[in-house]
Amino acid sequence: MLGFEGVIASTITPSKGNEGRIPSYMEFLRQHGVRGYYVLGTWGEGPRHGVEHRKRVAEKFVGNLNSGEVAIVHIGSSDMDTVMELLRHANDIGATATASVAPFYYRPDEETLFSFYSTLSERSSIPVMVYNIPSRQGYQLGFSTISRIMGELENVKGIKDSSGDPTLALELVSEFRGKKFVSLGSDELVSYCFLIGANATVSGVAGVFPELVVGVYRAVKKNRLDECFRLQRLLNRASSLLRNTGVEFETQRAALRIRGIDLGPPPEPVRQLREDELERLRSGVLRLTEELRNVTV
Amino acid sequence: MLGFEGVIASTITPSKGNEGRIPSYMEFLRQHGVRGYYVLGTWGEGPRHGVEHRKRVAEKFVGNLNSGEVAIVHIGSSDMDTVMELLRHANDIGATATASVAPFYYRPDEETLFSFYSTLSERSSIPVMVYNIPSRQGYQLGFSTISRIMGELENVKGIKDSSGDPTLALELVSEFRGKKFVSLGSDELVSYCFLIGANATVSGVAGVFPELVVGVYRAVKKNRLDECFRLQRLLNRASSLLRNTGVEFETQRAALRIRGIDLGPPPEPVRQLREDELERLRSGVLRLTEELRNVTV
Amino acid sequence: MLGFEGVIASTITPSKGNEGRIPSYMEFLRQHGVRGYYVLGTWGEGPRHGVEHRKRVAEKFVGNLNSGEVAIVHIGSSDMDTVMELLRHANDIGATATASVAPFYYRPDEETLFSFYSTLSERSSIPVMVYNIPSRQGYQLGFSTISRIMGELENVKGIKDSSGDPTLALELVSEFRGKKFVSLGSDELVSYCFLIGANATVSGVAGVFPELVVGVYRAVKKNRLDECFRLQRLLNRASSLLRNTGVEFETQRAALRIRGIDLGPPPEPVRQLREDELERLRSGVLRLTEELRNVTV
Amino acid sequence: MLGFEGVIASTITPSKGNEGRIPSYMEFLRQHGVRGYYVLGTWGEGPRHGVEHRKRVAEKFVGNLNSGEVAIVHIGSSDMDTVMELLRHANDIGATATASVAPFYYRPDEETLFSFYSTLSERSSIPVMVYNIPSRQGYQLGFSTISRIMGELENVKGIKDSSGDPTLALELVSEFRGKKFVSLGSDELVSYCFLIGANATVSGVAGVFPELVVGVYRAVKKNRLDECFRLQRLLNRASSLLRNTGVEFETQRAALRIRGIDLGPPPEPVRQLREDELERLRSGVLRLTEELRNVTV
């Protein structure tokens, strides 16, 4: 995993019975330059799905990896039994790595957080990643806590930081460069992520508009900053479109459907999009794909 | 359930293998005037426990009810399969009612929320309750949304509102008086709760210091406002002691142990309290129980 | 001031050149049972007005007091020179008392807060009051800080607490009963305020719908809790109408105009209300005054 | 002003009677590469000082400008009379430009905000700048509002955006490039600011550690990204040291004193630093200046 560099898509999850559509979804992402898959994360609605469906979905992603690709299976849940069962399963199917959001609903202190990742680390033979997303877990995970977890637990091999805090990002990248896998999960910071030298971005927008995020990555690699920020701006617009239309995360499925990838209906109790929302989404997707034709990086 | 009035304790949950201690814990609460049990709620760490343990704990509480007592089993979880499995189980064991926190981790819109409670309502023959706790679910559930859910779904028979918002509380009590079961879940508002005529308080502090909360209730009933607010102040102090010492919700278990009720060790990954924390807790519990000797209502 | 009990209106301020309308505004409030005036507070837009206009307005209110009435002049400002100049003026004109919001824009620590009120206390011969409004000053003023300021500074004679926190309110009333003047500034807690035994409410809604707030007060005094909470609900609706229509605090002036009191146009740069907003406001005011005809306390 | 590019220090303000120390403070900043001065902003405690002291301080900064340097005088206050008086004064003394924070304490809507900047714009012959600092003004100023103000008001020539939001920053820079002066006021985003092509950073840290911020600017200009981010990390540490030690903004004055610039005692009611705080500050300043010796850009 430490060798990987670039764009990891935070993949969208098909509903029950539609797991068979995953390979063609992966092919869509692949054709646009994605080589990594974050499976059943926040955008992938992991915490919302039941254990059995999560297992089927993880198997499909891991089973369809190409050589050189990575699949990080997210196992976070509100209950510890589920986390442990999914950890065993991710190990059994040979996922590249596994990640878990810090415990949510409750407010653990540093000791409890350390104990949480320590337990995961001990019971896993595949690498474990910390997943920090304050807007969902409900509290901040500060640098000193993360640093202790990453520093003392050998099998905690990296982090996905979705705090959106550029200071924390820079601190993590500087401190763990060459030692741990540092990826950022904020679409608004994709350009910054690669400029400061992070290993990867784990991007929600990349699950729907992969070419946009891969474009930013390539522009940074080629030192074409103008193009990089031009694309970052489109990326921000894509992010805003997906966040401010419809309902979490059926909007993402609907956008993929517009782009030709049908992952099935929403899981219960999530509603379908209304016709006016679909109309707005369609015109937004269209405008973005128009602009993306000119991407030359 | 609509006939019930008074104090419902938000019960503390014993760890795996210690479910046998529930009857003596219920007896402790009963001796201090409690007649209702909110099982596996936020203080009861429901969302943190696995499905099997939740079932065993619910069975014990429901199976040990005395005549005239109520047990509301909380089934909230981040994933819908778990909610549904626990709903069936709560029905099977004949719980008085069931409650579920609004979906957390994700941000549902009103339509999705309505669909969530509608599904619960349809698939349950025991009464269903809305559980509104913004500090945990991560968003506000406004009056118009609650009102639509309670108004249109016949089997949604009530609400536990832990928003701490006195305006919402007054609105709910006034609107649904005599039609639905309205209970408040904010320890700081227990006196207000009974003054405005709510059916019940579902109180976390009542799971540890039942006599305090029952005292406030009785003082209101006897129209002894001075005593009511004297006790409310002690209740606030108890709440502050439990919230600001140690770690969620091992502090509550430790406080009960000090009071003679041993519910076993904390569930993974929660840590034990440190000796200095225990010392502070012990002296706080002692001071409170001293003051409670003078309660005469 | 310590002898005063009841409703203090947080008065609305006429724009420059319209100070002459204050006496008839005071008469309107008086006829509905108000005996206290909080002058140039948050609803009275004190911090928005220049020093000279603040002086003229304060003079008019203080100069038109009837026997037994109180006028508390708010002197809070972002800059210390203005606070001091207004403090001298409030003393010169013989205001009943003066109050200042805790320093805003900046974040003082406890020592700086103590020093702030200590300076005010030393340089005033009229009583000084703490004004705690976290939503405006930008930080919480906790019980221990307030308690130190009120306990150690003899000339700090009271507090207006607009935190909306029932726990802090109960603590303040219990701790300072008979020693300091404790008033609450949250319209949503007017009934609670008088039930727990506070000296007064300083109410924004009372500046527009005085009969409503006086009604709640009288209902508590007569131990008619049903009527008290029925009126509290109307009060909440009035508060919501004023907060959610138009723009701060021109809406309040417009509502008074509808009720027959014209305080003039908005101060720069505040805009006028649009016709649709005025329409909504008119129908809201009408509905409320209709309901208020039945008030019998 | 549009021709200016680089680092503007958000200057620290000497207390009354110590205005004479401003020229040597400016010389200190100048020797470290600063060519712009933001006078009496948030770090410069403008809103806390009285009108007369603000005038004296502004005169000193403007009067000591070297050729090619810029001084932006901040006139923001809670009251409109003060803003207008300071606007006239800034014009009279020939400041390069003037800026005002959006109205604080109150919550203006878009119309009121537009009217506020429109009034400033009309009554000024020097350029006016919007100053957006949500953490102080208490609300967000969104892109569409800013865009309307900057687009429609000709004399509003630029913005200092201290929102810390990289998406807003990128949008502003992209939209107004070559037309308006776009500067960012977040120390954590200085490198990002220059990478995306903003005209300037207005930096609080630059008022105390100018060489650090100038170093980041030069590193970007020379396309030495490694050095740029190494320095950004030190800049973050400096920012954290200044924010988390002592009290606003006496810590900044104390740090300057350690560096040899004495701006006098704190203004009332701000306290002095305690000895333990001074000790921590001293060792922090020492460590930073040690590291800064190696700066070669």
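Brief remarks on what is shown
Labels A, B, C and D are assigned to the chains in the order they are written; within every chain, residues are numbered from 1.
As a working rule, a contact is a pair of C-beta atoms (placed from the backbone, for glycine too) under 8 Å apart; a residue touches a chain by one contact, two chains touch by 3 or more.
Here the structure is a predicted model, which is why all the values come from computation and not from measurement.
Chains that touch both chain A and chain D are absent from this assembly. Summary of the copy comparison: rotating chain C onto chain D for the best CA superposition needs 180 degrees, to the nearest 5.
Taking shared numbers over all numbers used, the chain A to chain B interface scores over half, which places it in the same class.
Look at the CA centroids: the one farthest from the centroid of chain B belongs to D. Distance from the chain B centre to the chain C centre is 37 Å, each centre being the mean of its Cα atoms.
One inter-chain figure worth recording: chain B and chain D are separated by 50 Å, centre to centre, where each centre is the mean of the chain's CA atoms.
Shown here, the protein chains touch around one cycle, each chain meeting exactly two partners. Pairs of chains meeting the touch criterion: A-B, A-D, B-C, C-D.
Taken together, the chain D residues at the contact with chain A in this complex read 166-167, 170-171, 174, 188-189, 192, 195-197, 225, 229-230, 232-233, 236. For chain C in complex with chain D, the residues that touch the partner chain are 42, 45, 47-53, 77-82, 103-109, 111-112, 115-116, 118-119, 136, 138, 247-249, 267-271.
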